[in-house]
Each structure stands twice: as C-alpha cells, then as structure tokens.
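Have a look at these structures, which come just after this line.
First chain A sits with chain B, and in the next complex the same chain sits with chain C.
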Partner chain A sequence: MSLDRVDGLDKLSGKSAFVDDLTVPGCLFGGTIRSPVARGRIRKIHFSTAVDWSDFVIVDHRDIPGSNEVALIESDQPALASTNVRHLHEPVLLLAHSKLHRLREGLRSIRVEIEAAPPLFDVEAQPTKEMLQHGSDNVFKRIDIRKGDPASVFAKASRVIEGTYRTGSQEHVYLETQGMIAHQEGETLVVRGSMQCPYYILDALTIAFDRPKERFRVIQCPLGGGFGGKEEYPSVVAIHAALLAEKAGRPVKIIYDRQEDMAVTTKRHPSRVRHRTAVDDDGIILAMEIDILFDGGAYVTLSPVVLSRGTLHATGPYRCDHVHVHGEAKLTNSPPYGAFRGFGAPQTLFAIERHMDVIARDLGLDPGELRRRNLLCQGDTLATGQKVQDGVDLTALLARGEELAGVSLATQEYAAFNRSHPYLRRGVGRATFYHGAGFTGSGETHLASEVWVEGLADGRVRLLTAQTDMGQGTMTILAQIAGETLSVDPRSIEVVTPDTSLVPNSGPTVASRTAMVVGKLIEDGCRELQRILDSGSGPPSGKDFQNALELHHRENPGDLLRVSRSYQTPPGQNWDEVSYQGDAYACYSWAAHLAHVEVDLRTFQVRVTDYVALQEVGRVLNEVLARGQIQGGVAQGLGWTLLEEVILENGAMKNHQMMNYIIPGSGDLSPIRVFFEEIPSPSGPGGAKGIGELPLDGPAPAIINAVCHALSASIREIPLTPEVLMEFLGGKE
Partner chain B sequence: MRVLTPSGLDHALALLAEFESSLTPLAGGTDLLVSWPHQNSDEVGFLDLSPLRAEHSAPRLEQDALVLSMLTTYWDVIASEEVRTEFPLLLAAALKVGAVQIQSAGTWAGNIANGSPAADGVPVLMAYGAEVVLRSTRGEVRVPLDRYYLGYKQSVRALDQLIVEIRVPRRKREIEWFHKVGARFAQAISKLGVAVTRDETGHRVVVNSVAPTVVRCRALEDHLDQGGKIESVEQVRALLSFDIAPIDDIRSTSRYRESVLSRLLYFYLRKANLRKANG
Partner chain C sequence: MTTPQATVRRKVQRTFTVNGDVEEVSFLPHKTLLEVLREDMHLTGTKHGCELGECGTCTVLMNGEPVLSCLVLGLACEGADIETVEGMAGPDGPHPLQKTFASIGAAQCGYCTPGFLLTAKALVEWNSNPDRETLKEELSGVLCRCTGYLQIFQAVEEACVEIRGEGETK
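Entry: the complex of A and B
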C-alpha cells in the first residue's frame, strides 16, 4: 500500500516550520569566524577598531566548559580552534548580535592572523615528516579483508588485469542549509534544529559542556533534506549555538547561508581504488587484490566507518575464493569529509563495476556475459566469509534488467547509428551491485536501539523513536508499519517528533536502517502490545485491538501502557571486528541498473536517454516512497557522475554556490524506470530491507560503462565533465 | 541603504543626473541582488525602475524595427506571438535564461547593461544588428550593440544614462541559429554561446564567454561573406582565433571553449552550406 505522506500537507502548504522559520523572542543571530588558511598556528585575532564591539557576544575556545572537541569516534576535532588550525574555514571564534546586518559587519571586521604551515592536499602522496599530523603516518584507519590465498593464485595466473579508478567529492545540496537554535530553559540547555541524529548531538554536548545528559534537550525540527550531511556536522553547529546562548544568556540562532554551508561542511570522500584481478580464459575471476584510499580530510570524524563500508562493498557481487582488500583513510588539510548517502560504497562499487567492463573488453566478452559467469549464487560466500542465502537469483535479475532496457536490440542499432552519425554516439551500460542494510558488523549490537510503543486510552497508538524524517518519509513508514501490524488505520498512529527528553535512543537515521531495523522493532513492539491485550481469544487486531486498548485503560485508569523493544542480535549472526570476518550486514539489497547514453562529440556532453533501475529489496513497504527513493538516488548519482565537480582551492570547495556547483535539473534526467523484486527477508518488518542508499551505487558505473560503450573508450574517473571527456579523447574525431 | 523611487522616466533621469555615481539603476534585480548577503558595505543606493514598468515594458513592432523597451523581460518576448515568430533567436535565448522566475523578472536592458561576457541575451541581439538607445537629461544617443562594449564590464554608457530602448532591425534573414552550452540543460550560466545570422548585410557570428565581452567573429564573418568554404574544424578554429581569447575559469577551460565553439560552428556552417548548395 502507499499511505500518503503524513507530513505531506503541512510541507505542501508551508505550515511546517523549519528551524529558520522559528521566531524566538529576544533571539540573537550567531555567526562563525573561520581560519583563512589551510594549516598553521593562530597568532592573533584582530578586531577592527571601526566597529563598536560592546553589544556583540564573543565566544572562543576559552568559553568551552568541558572538553574542546566535537565528540565522535575520536576526540581530535576541536569545537573551536585554540592554537592550531588544520583546514581552511576551521571555526575559530563565534559572534552573536541582535541585528543580522550588524552580525555581518562584525564578521567582516575580524581578522585571524595565522603563522602558516605547509598544507597537505594530495592524499596519494607519501607524506614527508613535516606533513605528519595524525599518528605516525596520517592514516585514520586501515582495514584488511582476506580470503583464501590470492598471492599464490596471482603467481600462477596467466591473465592479470589491472585498473585504477578515481571518484570525486560530492556536496549534499540538501535544500535546507544547516541551522540550530539554542536557549536556556531553567537548568536545561535546549537545542533544536536541522539534524539526522539527535542523540549524536546530545553526546557531543555532554562532552563539550562536561555536564550530564539530563541538562540538555535536543529537538529535531522538520528537516529539508540530509543525505548524510546532517549526520555528524550538526553537532558542530549545535555546540556553537549552545556556547553563544549560554554566554549571552539569550537564545541564539545560527543559520548557514548556502555559500557558507557548501564551503565548510562535510562532503563525500574522494577515492582512489586500484584493482588487480586474475582471470582465466573464460573470464572466471580467480583472485582479486583491491587497494582503496579515501581522502578523510583534516579530522577523523566518520572516516573509519565510511572506509569500512567501502571495503566491504569493494568486491562487488561476484564469486571469488581468493581476495585481499586493503583500505586506508588518510588525512589531508581539507575540511573533514563525511557521511553521504552510500557511505563509501558508491566509490568502491564504481571501481569494481567499471573494472568488470574493462576485463570484459580485455577478454573480448560481452560485459553482461562476463557478469553472468561470475555473479554470486546462493550458498556462495562474500569476502568476509558471509554466506549468501537470501534467495536472490542475480543472474536472473541481470537478465531481466537487460530485457527491460532492451539491451540486445539497442546494441545493434547503436552500432549502425554510430557508424553513420557525424557527431552523436550512443551506448548502453550496466552495473550489478548490492548494498548492506543497517550498521556495519556489530554496529547494531553496540547501538542497542530502543523504541517505545504506547497504547493510549482513546484506542490510538503512539510511536516513540529518535528517527528523523528528512523528506524520505520516516514518519509515514513507521505509522504504516504499526498500522499494518495492528490492522488499524495508519493515520490513527501518532509518530512523536524526536526530542531527547521524550523519546528513547533508537539510533541515528542513517545507513538505510530506519525502515528495516527500527521498523522491525516497531513491528515487534506492536505485536507485544497485542499479546498484552490478548484476553484469551488470540492477539486482537483492527477494531478488536482498539476496543481491547480502551477496555484496558478503563480497567486501569492512568496506566502508562508502554512497550519497550530493543535490538537483539539475530541468532547465528557473527562478526569479528579485528579479522573482518563474518556477517558484515544483517542482509543486503541487490540491484541491476542500466543506462542508455548519447554523447555529443561537438560539445562532449553526455545525455542519459533512458535508465532502468531494477532492485530486490525484500518487500516494498510503500510503493510511492520507494520509487521516490530510487529515482532521487539515481538523479543524485547521475549528478555525481556527470555534473557535480567539487573544485578545491586551498583544500576547500571553491565553487561553493549553486551557480557554479551543478546538480542535475529535471531537464538533465532521462526517464528513470523503477522495478522491484521482493523476496521477504527475516531482518525487516514484513520482510523489508533497506533501500535508501542502494540507488546511489548504480548510476556512476552504469552511465560511464555506457559512455565507454558508445565511444569504445576506457574512462576511469568521475565526474566526467565535458571538459574531462574532451581532454580524455585528446580532441580527436 | 537608500532606494529612490522615480515617478516617471524623466524623474528617473533627473535623479540619475543628480546622484550619478552613488545610484545604481535596479531593473529586475536578478544580477544586482545575487550577492546581497556578501556585499562589503551596507552603504548602497538604488534607483528602482520597477514603478516605470507599466509604461516601459511592452515590446512593440514599428515599421522598420522591433523595439524592446527599458523594462522588457524575457517573458514579455516569450509571451508575444509576433516577436516570437519574427525573431526566433530572441525566443531561443529567452528560453535558455534561468527558469521562469528569472525570465519574468530579468530584462534585456539589464542583461546588456550588466556587461557580463556570458550574457545570453546579447549574442542574439547583436547577431540581429540591434542598436542601444541611451538617454539622459543631456539628450539621447543610439549606439550599435556591437560598439557598445569597450572592455570587460566597460561600456560607452555614462553614469547618468539609462538604456531606454533596444531597437532590432526587421530584415529578411537567410539563416539564423543560436546554441548555448551550459553545464546543464537549463539554469546554467553559459560556458559558451553562439548566434549566427545572414541577411542582406552579410554574416554575423556572435559569441559569448570566450572574450572579455560578447564579440563578433569578424574574420570568420569575412570569410563567409566572401563565399569561403568551411572545410575543417581546424580551419574554423584558426579563423576564430583572430577574435576570441577564451580563459580558464570556474565554469570551464579555454581549451574547451575554443574547441567546442569551433566544432559547433563547423558542423552548423557545413550543414548551412550544404543547404545553400542544394537549395
């Protein structure tokens, strides 16, 4: 079923109040003074004498009551730089004023003087001693996955095919920029704003202020998009707003404008992936050696876990007994790279899926045929030893995708077309891939997410989770899952907006985990509620459930009928964090994407003319929302592939305006035809698996493979802007 | 900040004469207000032209010219059946400027006056042989658009002058073509653009984003006027090199601009030549 978005009308009519829409009496506007260089020591901060500073609130690192850090995996990132800066735009000082134009004047009138040190921008370069800024080698995280004995296979192999693939960064371009409001409410600091993970912010505040959790309340406002960009970064804005509010004794609002947001916040990790593959004459893969390098930027932030997901997806959905995957995330003096839909997997999947076409070309095989000979079958194992046993038939999935995309006919037609047309070239490309749903490895076990399901006196049900709706439809999906489980109208289910003083910690809204992991807990919680209300004639549902609920409250007036459900590791699921062996994810979604392209050799522009996205997702919970996720993800992936170029200057984004950072518009999109297959999984509610990130993995390889087909070329880098394509072709033709 | 609101065109010109350098004319504001939050000072003055819209926005067809008024927007052209039909390149360019919000607020005069080398309205006007009518309290002058610019963001316009009209001659044209290359299908600033016409006065090939101003490619025009053939991309590139000087910037590279412009013109002119040969 496709329940309408429960927040749809409010969003459509402008009733939803985003953080910048909130007016708080007596509120000051806050802003940030940032480092003007990529690396150095702070010498002095100059305040212009032309400005009257007496009515400004000014905060620096000395105003931080607790530990000067943005607490996450490690503690290396300061909330405000004290002595050293490690990237351009690093926050140094905060200002607040009651008038926005005075704040802007203040921000223009402070100069941070820095004794510059040599910055490191090239992540592939071996750092010299003076470039070392993290540990002994600037490596944030190193991961190895080993299976079999690849060295001995390579030693004997007759054919070894190599390739190096690179992907660029990507900016989230959520419609709503970062923003927070902080104010004091008695003993409590209240922070509300645009965020994916209220409890991450709560944790970061407790450490920066060195105060117990109870002294903070973090509230999520309606969210204008996230895509991972509101996973870790909002903690920075929240700490800043809270510091200013506490010092001012008044509410403070910090809203980044688009230019500031694009210049300073996190982006997708740039990557370089090297493949060495031993194959036999029939194209059977014998051994794989994969070397991954991610640019982590200046602080650790989430790079270790992004790298982890990247390495775990690096082999693609192929059978291979001898594998070594090595991954590193390293420091550069760029603003930290961070979470972005796909979380490292799109980078490594681009590499393997391009590499498969390179291998096919080398062997003179059809790229679809090469894949069919190597795709995982039931009972095969992934590089970590995890067994594939969810019933998917990848060969059939690819065959259906190729049929839906009309590959064989198009291939013939394009050959003739390309011979005769003066400057247009057409091609078709494919990618087969998978995406692990939920946190990696034992992440879900550590998180131990908790949800509450409450049965109310009026017969309705209330759901309490920390899950945020950033436009993807969380509130709708959770209501729908509860409604279906209880056979009641989902519109009667209340989904509470996350507020750390009201809801339990059900974990962050990331990693394609909400519908699957949290939805499953909701489903279990609803079942438990039915059991509690069972008066002997079986768990009640529908009208009976509501009657039983009302009866319960009549008999127990004032009772809080609340069921708590916490994540339990499924029996038999094992993961070894050290050896990277075992069940890396509870389950995987599988997909075959196919793209048709037309290349204009006058302008070197690539136009995608048709796109087929076929995926096996366990169960489609809400067809409309699911299609929206897939189409949006494909559009975002197309942007990353062809248009979106983060141009760096001094390590930070130079083209930090929507005028010069080009995301696709509707005119740049082909039809995106979405098809689902459903094999229910035990991991999610009603069999559903995660789908949020999956569609980001396919477009880059499918589109570039199509371009390579059209031009008989072998392109190994994205974004493939027209300028890059022109240089690649050497101005030929 | 100061915003002055004139009661009519004469009043506007009088205000400009009085405050000259401290007053910036504001038409649609789609260029002027882009970097509003990032300006260096709050001490700015505007002459708001919008009150003159009722009288000075409708395009009109005179005996020998189409007259775009001071506040004619792209949308005014898109919406006019007569103008659209007789001047298809104006329609083509208008449809490629921003999206409907910008098309309905941005003006042709503002596009010219802003002086960006990437302006999309200017190449088609110049290819049609347009004249700019400048007026001040001192009087009125007409300047051919191809002599309006003096250098990057520099023009013959004095600070007390307003562009009050743009006059586009009504001529019979044998060929006319416009092509914009932006980073995406719509809502993109030109990496390069080209407009080509041929009428009784000869060929005009006008390009944007490849020189400090929008320019005519005179060497190529002369070659075509003399009946020269189009033989290769290299030949077109060589002819263009007399008039263009593309640079690397945040939106593209000089090599790309030069190469793509040559290719577009080569494929277009070769086809146009063939048509002429066959017709």
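Entry: the complex of A and C
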C-alpha cells in the first residue's frame, strides 16, 4: 500500500514552517568568526575600531560553562577554538546583533591573527613529526577483519590481481541550509532547528553547558533534506546558538548561508582502497587483502564508525575463505568529514565492484559470469563469520537485473556500434552489493532505543519517537506501520514531532534504521496495546480496537494508556567489537544495479542512458516512498560519480556554491527503473528491511564499469568529470 | 569605511498584487522580492536555497512568468502580479499539481517544492501536454536533491491529465 505523505499538503501549500520561517519576537541574528588558516596557534583577535561593538553580543571559548567540546565519540573537537586551530573555517568567536546588516558588518570587521603551523592535506602522505596532531601517528581508528589464512594462500597463488581505487568527497547540498534558534524559557534552554538527531544535540548541550538534561529542550523543525549532513553537524550550530542566547538573554537565530554551509560543514570521506586478490584460473576468489584509508579531516567526529561500515562492506557480496581487511581513518587539516548517506560503504563498494571488473578483464571472463561464480549463497559466511541467511538468491537477482537491463543484446549491439561510430562509445556495467541495515555491531544494543505508543480516549493512537522526517517519510511510514498492525486508518494515527521534552530516545535517524528498527518497536508496541485491551476474545483490531480503547478510557478516566517498547538484541545475534567477528548487522539489503552509458569522445561527457535498480529490501512498506528513496539515492550517487567535485584549497571546499559544484539537474538523469524483490525479514515490521542508504552504493561502480566497458579502459577514480576523462584518455594515447 | 550612524534606512512603499490581492507594502529599498515576501509580508512559503540565483528554490511567478525572487528587487515589482505557493490552491481546493505532487511522491523534504510547483504551473498554462524533454528543459531551473526528478515529472504529467479535462473519462 502507498499511504500519501501525512505531511504532504502542508509542504505543498507553503504551510510547513522550516526553522528560518519562524519569527521569534526579540530574536537576534547570530554568526560565526572562523579561522582564516588551516592550522596554527591563535595569537590575537582584532576588533576593528570603526565599529561600535557595544550593542553586539560576543561569545568566545571562555563563555562555555562546561566542557569546550562538541561531544560525540571523542572529546577532541572544541565548540570554539581556544588556543589552536586545526582547519580552515574552524569556529573561533560568535557574534549576535538584532540587525542582520550590522551582524554582517561585525563579521567583516574582526580578524583572527594566527601563528601558522604546517598543515597536512594529503592523507596518503606520511606525516612528518611536526604534522602529528593525534596520538603517535594521526590515526583516528584502525580496524582489522580477519578470516582464514590469506598469507598462506597468497604465498602459493598463481594469479594475484591488484588495484587501487579512489573516491572524492561529496557535499550533501540539502536545499535547506543548517539553522538553529535558541532561547531561554525559565530555567530551560530551548533549541529548535534543522536536525536528524535531537538526542545527539541534547547530549552535546549537557556536556558543553555542564547541566543536566532536564535543563534543555531540543525540538525538530521540518527538515529541508539531511542525507547525513544533519546527523552530527547540527550539534555545532545548536551549541553556538545556545551560547549566544544565554549570554544575550534573548533568542538567537543562526542560519548558514549557502556558501558558508558548503565551505564549513561535513562531507563524505575521501577514500583510497587497495585490493590484492588471489584467484584461480576459473576466476574463483581464493583470498582477499583489502587496505582502506579514509581521510577523516581535523577531528575524530564520526570517522571511526564510518570506517567501520566501510570495512564491513569492503569484500562485497562474495564468498571467500581467506580475508584480511585493514582500515584506517586518519587526520588531515580539512574540516571534519562526516556522515553521508551510505556512511563509508559506497567508497569500499566502489573499490570491490570496480576490482571485480578488473579481475574479469584480466581473466578474459564476462564480468557477470565472474560475479556468478563468486556471489554469496545462503549459508556462506561474510568476512566476520556472519552467516548469510536472508533467503536471497544473489545469482538469480543478478540474472534478473541483467535481463531487465537487456545486457546480452546490448553487449552485442554496442560492440558493433563502437566499431563504427566516429565519436560515441556505448557500454553497460553492473554492480552487485549489499548494505547492512541499522547500527553496526552492538550499536543497536548500546542505543537501547525506546518508543512509546499511547492509546487515546477518542480511540486514536499516538506514536512518540525521536525519529525525524527529513523527506524520506518517517511520519508517514510509522503511521502506516501502526495503522496496519492495528487494522485502523493510518490517517488516524498521530505521530508526534520530535521534542526531547515529549518523546523518548529512540535513537538517531540514520543508518537506514528508522522503518526497520524503530518501526519494529512501533509494531511491537501496538501489539502490546492490543493485548492490554484484550477482554478475552483475542487482541482487538480495527473498529473493535477503537471501541475497546474508548471503553478502557470510560472505565479508567484519566489513565495514560502508554506502552513503552525498548530494543532487545535478537536471540543468537553476537558481535565482538575487539576481534570484529560475529553478526555485524541484524540483516542486509541486497541489490544489483545496471547502467548503460554513452561517452562522447568530443566533449568527454558521460551520459547515463538507462539505469536499472533492482533490490531486495524485505517487504516494501510504501511503494511510492520506497521508489522515491531508490531514485533519489541513485541520482545522488550519479552526481558523486560524474559531476560533483569538491575542490579543496587549504583543506576546505573552494567551489562552495552551486554554480561550480554541480549536482544533478532535471536534464542530467536518465530513466531510473526501479524493481523490488520482497523476501519478508524477521528484523523489521511486516518483514521490512532498511532501504535509505542502499541506492547510493550502486551508481558509482555500475556507471564506471559501463564507461570502462564502452572505452575498453580501466578507470579507478571518481568523480569522472569530463576534464578528468579527457586527461585520462589523453594520457593513454 | 562605513559608520553605522551614517546610514539612515528609510522604507519605501510600493503597490503590487500578491496572490490576487492588491497590497501596499513598505520595505527597505535594497530588499529583494524574496526578502519582501518572507520578511515584510510573512509569506514564508517561498524558500531560499542560495540567494545567488543558482538553485531555483525561491521561484515565484511575476506576471505569470517564473522568476528567481532572490534576484528581483522589491522595487522592481511596482504594479506587478506576483504569485506564490500560498496562492496556488483555489476555492475548490488544492491545484491539480498540488494533488499529484502529494500522491506521486514528488515532494520529499518539500523545500524545493514551492519552486517546482510554480515553475510547473507556468508551464502547464501554456502547454498542458508537455513531453518529457520539454519538462526536463522547463524545470531545469529548479534543483531537487531528494527525488531524482522522476516523480516530479510524473506528477506534472498526471496533473496535466486533469487540467486537460481528461480525468473523468478514464
């Protein structure tokens, strides 16, 4: 079924109030003074004497009541730099003024003087001693996954194929930039704005202000897109707005403009992945050695967990008994890289899926055939020892994908076409992959997400979770899950907008976990509500449920009929964080994506002419929303592959506007044909699995494999902009 | 060098039609139409994505033509007929485009949506049977990061069926 979005008409009539649409009486405008260099020691802050500073609110690190940090995994990132800066644009000072033009004048009239230190921009370079800024080697996190004895296999292998693959960064370009409003309400600091994770912000505020949680209230406004960009970064904006509001004694609004947003906020981690693979003459993979390097930027932020997901997806969906995956996330003096849809997996999946085509070419095998010989079967184990038992037949999935994309006919036609056409080259490429749904390892167990389901006196049901709707349809899908479980009209289900003073902590809205993990808790909560209302004739549903609910409230006036449900680790799911062995994810979604391309040798432009996205995501809860997730994810992946180039200068994004950072427009996309296979999974509500991130994994390898097919070339880096392709082809001749 | 005291900011008054109502609006003369709509008329349905004329999010109709309200001065609107997303629904309910955008999933986060709705409205008023290539071209001034555009194209095509009056015969 496809319930229309519950927030649809508000969004279509201009009624949805995003954070910058809110007017708060007496509100000041806040802004940020940032470091003008990538690394150094703050010597002095110069305030221009031409400005009357008396009516400005000015905040620096000394105004932070608690610990000067943006609390996340580690405590290394200051909320405001005190003595040292580690990246260009690092926040140093905050200003607020009641007039926007005066604020802008103030922001222009302060100069931060810094004694520069040598910055490190190349993550692949060996840092000199003076460039060490984190531990003894600048490594934020190191992960090893070991299976079998790869060294002994390589020692006697007759055929070893190597490849090094690189991916560039990517900017989220959510259409609504970062923004927060903070104000004092009695003893409580209220922060509202554009965020994916209200409870991350709550935790960060309690540490920066050294105050109990009860003294803060964090409220989510409608989000104009997130894609991971509003996972951890909003904590920075929230702390800043709260500091200014407290000092000013008045509300303060901080809205980043587009250029500031693109220059200073997190982006996808750039990567370099090296593969060494031992294969036999039939193309059977005997051993894999994978070495992963992620550029983490200047502070730890989420890099350890992004790396974790990267390493866990590095082998691709292939059977191999002897594996060593080594991953490192390292410091550079770039603004911290962060969460972006896919979270490390798109990088390592690009590498393995490109490498599979490289192996196929080396062996003279069809790339589809090479995959078929190595794809995981039910009962096989991943590198962590986790047994594959989702019931999916990957060989059949790939075969269906190839059929839908008309691969065999196209291969023949393209061969003839490419021989005869003066400047156009056509090719087809594929990628087979998986994406672990929910938090990695014991993450969900640690989160211990809690949801509340309330049965109201008027027969309706209210859902309370911390899940945010950033466009993917959280409110709709949760209402639909409850409606289906109770057999009532989903439009009668109230989904409460996240507000930490009202909703329990059901965890962040990330990691393709909302529909699956939180949705499952909602389903369980609804069932419990039915059990409570069971008067002996079985759990009521539909009209009976509503009648039973109304009866309950008549008999127990004023009763808060609230069911709480918390995440329980599924029996038999084990994970060892130290050895990286066990069940890395509760379940996986699986996919085969295929791309047809046409390369113009005059302009070096790559045009995707057809795209087939076939996936197995468990039961599809809402076809319209699911299709939207896949098409939107593929479009974003296409951008990362062919168009979006983050150009760095002094470690930070130089092309920080949409004029020269190109995201796909309406004319850049081919048909994206979406197909689902549905094998109900026990992990999610009604058999659903995670879906949101999966589609970003496919486009880069499928499209580049198609380009390589078209050109008989071996391209190992993205983005493949026309300039890069021109240089690549020029260099070959 | 500017001293804040040196600048005296005086509002100007202009008359233009917004969503069918003739309005006298006072605003600072440097303001863009986007700022006048959002700040002086509290019509916040029109969003801003870059304020540099790059993203198309702030598109409104001026005398029936799509314009980037971040690049039009409020002063230039004297006597003009402005239409924003708040004025799209008619007395009989939502515009056909609003209905199909809802049912086909063309609005995800909804932030670029007003820009698309108005651009599409201008298009379907002169061509209620656009082909895909026309749609791609005509909507290319507005960026969307959520949908991949396909559901937007579909929603416009579907709305055109109703606009052409073919809805009932199906």
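Worth pointing out:
The rule we apply is simple: the second predicted complex is superposed on the first by the 730 of 733 C-alpha atoms of A that agree within 3 Å, B and C clash if a C-alpha of one lies under 4 Å from a C-alpha of the other, contacts with A are read in each partner's own complex, and residues count from 1 in each chain.
Operating definition for what follows: a contact is a pair of C-beta atoms (placed from the backbone, for glycine too) under 8 Å apart; a residue touches a chain by one contact, two chains touch by 3 or more.
Quick caveat, the model's predicted, so the values are computed rather than measured.
Of the two partner chains, chain B and chain C are each touched by A:665.
Of the two partner chains, neither chain B nor chain C is touched by A:130. Of the two partner chains placed by the overlay, only chain B lies in contact with A:654; chain C stays clear of it. Considering which of chain B and chain C touches more of chain A, the answer is C.
When the two complexes are overlaid on their common chain A, residue A:601 makes contact with chain B while staying clear of chain C. Within the superposed three-chain model, A:187 lies out of touch with both chain B and chain C [touch as defined at top]. After overlaying the two complexes on the shared chain, residue contacts for A:422 are found with chain B alone; chain C is out of touch.
By the touch criterion defined above, A:472 lies against chain C but remains apart from chain B after alignment on the C-alpha atoms of chain A.
In the superposition on chain A, A:625 makes contact with chain C only, not with chain B. Legend: residue contacts after superposition of the two complexes on their common chain; A:555 is shown touching neither chain B nor chain C.
Under the contact criterion defined above, the residues of chain A that touch both chain B in one complex and chain C in the other are 105, 257, 259, 659, 664-665, 667. Those residues of chain B lying in contact with chain A across their complex are 34, 37-38, 40, 42, 181, 183-189, 250-253, 255-256, 259-260, 263-264, 267. Residues 1-4, 38, 42-52, 54-55, 57, 84-86, 88-89, 94, 98, 101-105, 107-114, 117, 135-137, 139-140, 142-153 of chain C are the ones touching chain A in the complex. Only residues 4-5, 7-18, 20-21, 23, 50-52, 102, 105, 172-177, 222-227, 257-259, 470-473, 624-625, 627-628, 631-636, 657-659, 663-667, 669, 671-672 of chain A touch chain C when the two sit together in their complex.
Per the touch definition, chain A reaches chain B in the complex via residues 101, 104-105, 108, 257, 259, 422-423, 601-605, 643, 647, 654-655, 659-660, 662, 664-665, 667-668, 721-723, 726-727, 731.
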